[in-house]
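Order of writing sets the chain letters: A, B, C and D. Residues in each chain are counted from 1.
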Amino acid sequence: MSVIRDFDCVVKHSEQVLPGVVKIVFDCAGIASVALPGQFVQIEPSPGAFPVTRRPITINRLTENGFELLFDVIGPGTELMARMKPGDEVRILGPLGCGWTVEPGSSWLLIGGGLGAAGFQFLMDTVDSTTVLIGASDSDRVIPLGACHVVTEDGSAGGRGLVTALISEELLAGADSIAVCGPVAMMEAVWSTIPEKYRDKVQISTESRMGCGWGVCDGCSIPVSGGGYKKCCKEGPVFSGIEIDWKRWKEAGL
Amino acid sequence: MSVIRDFDCVVKHSEQVLPGVVKIVFDCAGIASVALPGQFVQIEPSPGAFPVTRRPITINRLTENGFELLFDVIGPGTELMARMKPGDEVRILGPLGCGWTVEPGSSWLLIGGGLGAAGFQFLMDTVDSTTVLIGASDSDRVIPLGACHVVTEDGSAGGRGLVTALISEELLAGADSIAVCGPVAMMEAVWSTIPEKYRDKVQISTESRMGCGWGVCDGCSIPVSGGGYKKCCKEGPVFSGIEIDWKRWKEAGL
Amino acid sequence: MSFPPAIPREFWGHNFDSPVMLASGTAGFGEELLDLQCLSGVGAVVSKAVTFEPRAGNPPPRLLETPFGLLNSIGLANPGVYHVLKHILPVAAGLPCPLLINVAGESVDEFADVVRVLEGSSAHMGYEINVSCPNVAEGGAAFGVDPQVVLRVAQGVSRVTDRPFSVKLTPNGGDMVQSAEAAVEGGASAITVCNTFLGMHINWQDGKSVIKRKVAGYTSPALLPLVVAKVWQVSNAVSVPVISSGGVSRGDDVLQLLAAGAQMVQVGTRLMRRPFAAAELIDEMKKLTGE
Amino acid sequence: MSFPPAIPREFWGHNFDSPVMLASGTAGFGEELLDLQCLSGVGAVVSKAVTFEPRAGNPPPRLLETPFGLLNSIGLANPGVYHVLKHILPVAAGLPCPLLINVAGESVDEFADVVRVLEGSSAHMGYEINVSCPNVAEGGAAFGVDPQVVLRVAQGVSRVTDRPFSVKLTPNGGDMVQSAEAAVEGGASAITVCNTFLGMHINWQDGKSVIKRKVAGYTSPALLPLVVAKVWQVSNAVSVPVISSGGVSRGDDVLQLLAAGAQMVQVGTRLMRRPFAAAELIDEMKKLTGE
């Protein structure tokens, strides 16, 4: 990233896709023309004084002239965002951060937990070959993606169980890269399931409470191996799995 | 006032009547059924956290099932109020304060400056006989009342001049009561114009920055003769002219 | 404390209907609220400040609203302790909840002098000693910033009353924990955390302040995190209960302050916007805790 | 000052393009902003805090947003003074505006030790001495609350540099005017008013704080009136210029702080939401003053 740009994006479409999950499509060629899978944007939920910071959301996919976001409505920021209507102008900074590291022609195994799979679509649209495993608590938390293997904890969609049960030696061995995104506990379970020898293929998409989102406030630290921290917003949000200090990261909470 | 009541009033009609001056009609039988001319209401401009206090506005007139307000849009509170649309629910406390002291069958001289005449309509609708004198800077500041004598500083409506020029010994002598409402400087000019012997007929409608509006915070003091203060919101907003300490009131500013 | 916190509270050995107190200066002496029928949900009323002599208060304007808060410069306007004793407390005796009388002074001795006179009434349960006002007799800094002065004020009050009293500290300088410890040493039965933060608004057009005293007391729901921090610090340091004062506008604010260590929670500015704030807060709390 | 205030400023004998400084900790060392092309409208950059040894900073989460503000608990994360001297200042030398280096320490001597090392660079115009951090060596209270300690810190810095320096005071206890006077006596060329207010957020459900250190630095546009009051008090008391820090989110906030007596005005939290905040503030100011 060498320049950051702040855009007044226009809401093109907004829709509730699952209970409490909203999809918004923004028109913004400026962001769409340079965005890479795994990058995020910082949205101003309101032109008013509060909330004082923006909200980071992963780019779920590109659209004709812009991009699509998919988010959980969980607090004041996302509630304001859920109320955005077509035609509204919204200040959005992006694209931000480093996305997935994609080698040309590579085949991918994508492992997502619930809304963590938001963003996978962009990766699926970009790379040649993907196998997608999705775990969720129930069918209300399974976001619509193309072909994928789904399990839910209550069995209301796909098989009953945890996403770790779908992971096989065969899938791990067959993939050039493994992308994991979801709640920290789920990612940790996935990480523990993956044998040592496949771990250097694993990339993890992290989340952290953010101030700026563009690298200046040091607020979004992710603990890394060997002590110290890296910035989720600038050096992440995607890190290699071996880079992360899983123990300290779990202790941190969100 | 022995009980105060806080109502969820519904906006029935909203309209800009002059540049920067908005009229809103609220449905609220609870307030309309007990309100007296000269009383005011405390409006919550927004259900959000800010502004932290309400805005006091005089009841301009009663309507079929509610009341009408007329206000200048001058800052954040009145800007929020100007955006209220039919159907919106607004929290309104009232009626508050002591209005004009009206003797049965009395004849009135009403002297208003600009938007200070908001509220006269209610008095005109209540008492038998009124003569109304209105002064304003220009035609854009003359609010629509029934029959009245108008002067403006630039001559764009009625005669050219100040409202004090309309005051005659004859009018003063002929009235049982004299009501004055407008900017402090205008009211002071009117007060100085009125000879000593008519001054005990004069009632003044005051304004003050308010906290509560219902008598508990001591924030809305009007300086009174003999030192000390009275509460605009509870002992006023209408005071007898001789009660007010004009010198200290002018020094106070708003 | 237990979670979620129980809504009726024991405090100073009495059962209070609610942990919500109306803050000093925003509810008169409570007697007007009685008339207005808005004491539902109120655990206790704290009166406006009472001084020995009557005080007219500061010249208007006394209030100024800023985009996110309110500046007040009331100047402890009150009719003086003898008028309060004779004319107001007999009416306030009819309150359905306990009354604390907020006491202010311009010298260390004035606090005890006011309390001594008020001992002639049985309308109130106790006192709130407001050491945030300036110590005019000794240089003009607020009493509350100097633990030695706080100790002397509290000792003076202890000598003239057996009723419980809370010392209401100032956030404007000094070390609140040290002042709280001094108050307890002097006999305080509670600490109120805290009075208003000094604030100011200047018109940039002419460099002037609308409020004549220039610096005023600032309140805002946005100050809640400052009050939570101070309540947590003081309640961890002293053995007597802490009464919070500041920043409350919603039911979860009350719950947060109780979780931070407050035993009772005052509400002030919110009451100006919502006369029935106490009942509304209790309703919101019950909804949140499922009680 | 004259009204409306002029937008380019003379400060410390230099001409600054703008009175808006980027506050410490919210703009790195400025070098990243250079890359990002967002230094338009910036009068000067204040670096994040530099300590003698590298510091990893506090464990995450380091930020928590409350309904009306932001709590931060960064913990002075920085790579240490030698790394800054060798690897960061050579890049920051390319900044189009002056740089002040914010200096922190755990003992009175550490401030001067850090400055002594930084004297090896010519990338910066001067320093901002952050006496809001805890004096670990002498009990843990913030240096800034004790005027005697502030005096010693300022004298120590004066001894090792001829560059101008501002002392950045804390609003959390003590008497800011006395600390400002002590800083000036010790040789400070300006006073920064002030660092963040201590704040806290507790989950009422379990009584826990998300931020591990519990108490954190709180910022909010709603704190502006508190900063205006302190700027007015300090600028009336000392002869050196005052730099305000805190509460700015709009152009008229900057104008108000200048009217209150600030010579330069820092912006921090707003910059996190708006990378181009400085240019936006200047535009708003120009619109308001008709310049």
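In the analysis below, a residue touches a chain if its C-beta (ideal position, glycine included) is under 8 Å from a C-beta of that chain, and two chains touch if they have at least 3 such contacts.
If you're wondering where the values come from, they're calculated on a predicted model, not measured in any experiment.
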Practice item. Would you pick out the chains that touch subunit A and also touch subunit D? Key: none
Revision key, fill the gap. So the chain most remote from subunit C by C-alpha centre is A
Revision key, fill the gap. Rounded to the nearest Å, the gap separating the Cα centres of subunit B and subunit D is 48
Check your understanding: Just curious, how far off is subunit D from subunit C if you go by their C-alpha centres, in Å?
Key -> 33
Practice item. Can you check how far apart subunit A and subunit B are, centre to centre, with Cα atoms defining each centre and the answer in Å? Key: 57
**Study point:** Multi-partner residues of subunit B (at least 2 other chains)
**Key:** 49
Exercise for review: Indicate the residues of subunit D shared as contacts by at least two other chains.
Suggested key: 67-69, 220-221
Practice item. Draw the chains as points, connect those that touch, then say whether the picture is a line, ring, star, complete or other. Key: line
Exercise for review: Please give all chain pairs that are in touch with each other.
Suggested key: A-D, B-C, C-D
Point to revise | Parts of subunit D lying in touch with subunit C, wherever the complex brings them together | key: 1, 3-5, 66-69, 71, 141, 145, 173-176, 197-207, 214-215, 218, 220-226, 228-230, 232-233, 252, 255-256, 258-260, 288
Practice item. Under the touch definition given earlier, write down the residues of subunit B that touch subunit C in their complex. Key: 1-4, 6, 44, 49-54, 76, 93, 208-223, 227-229, 248, 251-254
Check your understanding: Which subunit C residues qualify as touching subunit B in the complex?
Key -> 25-28, 32-33, 35-38, 48, 56-57, 59-65, 67-70, 72, 74, 77, 210, 219-221, 249, 269-276
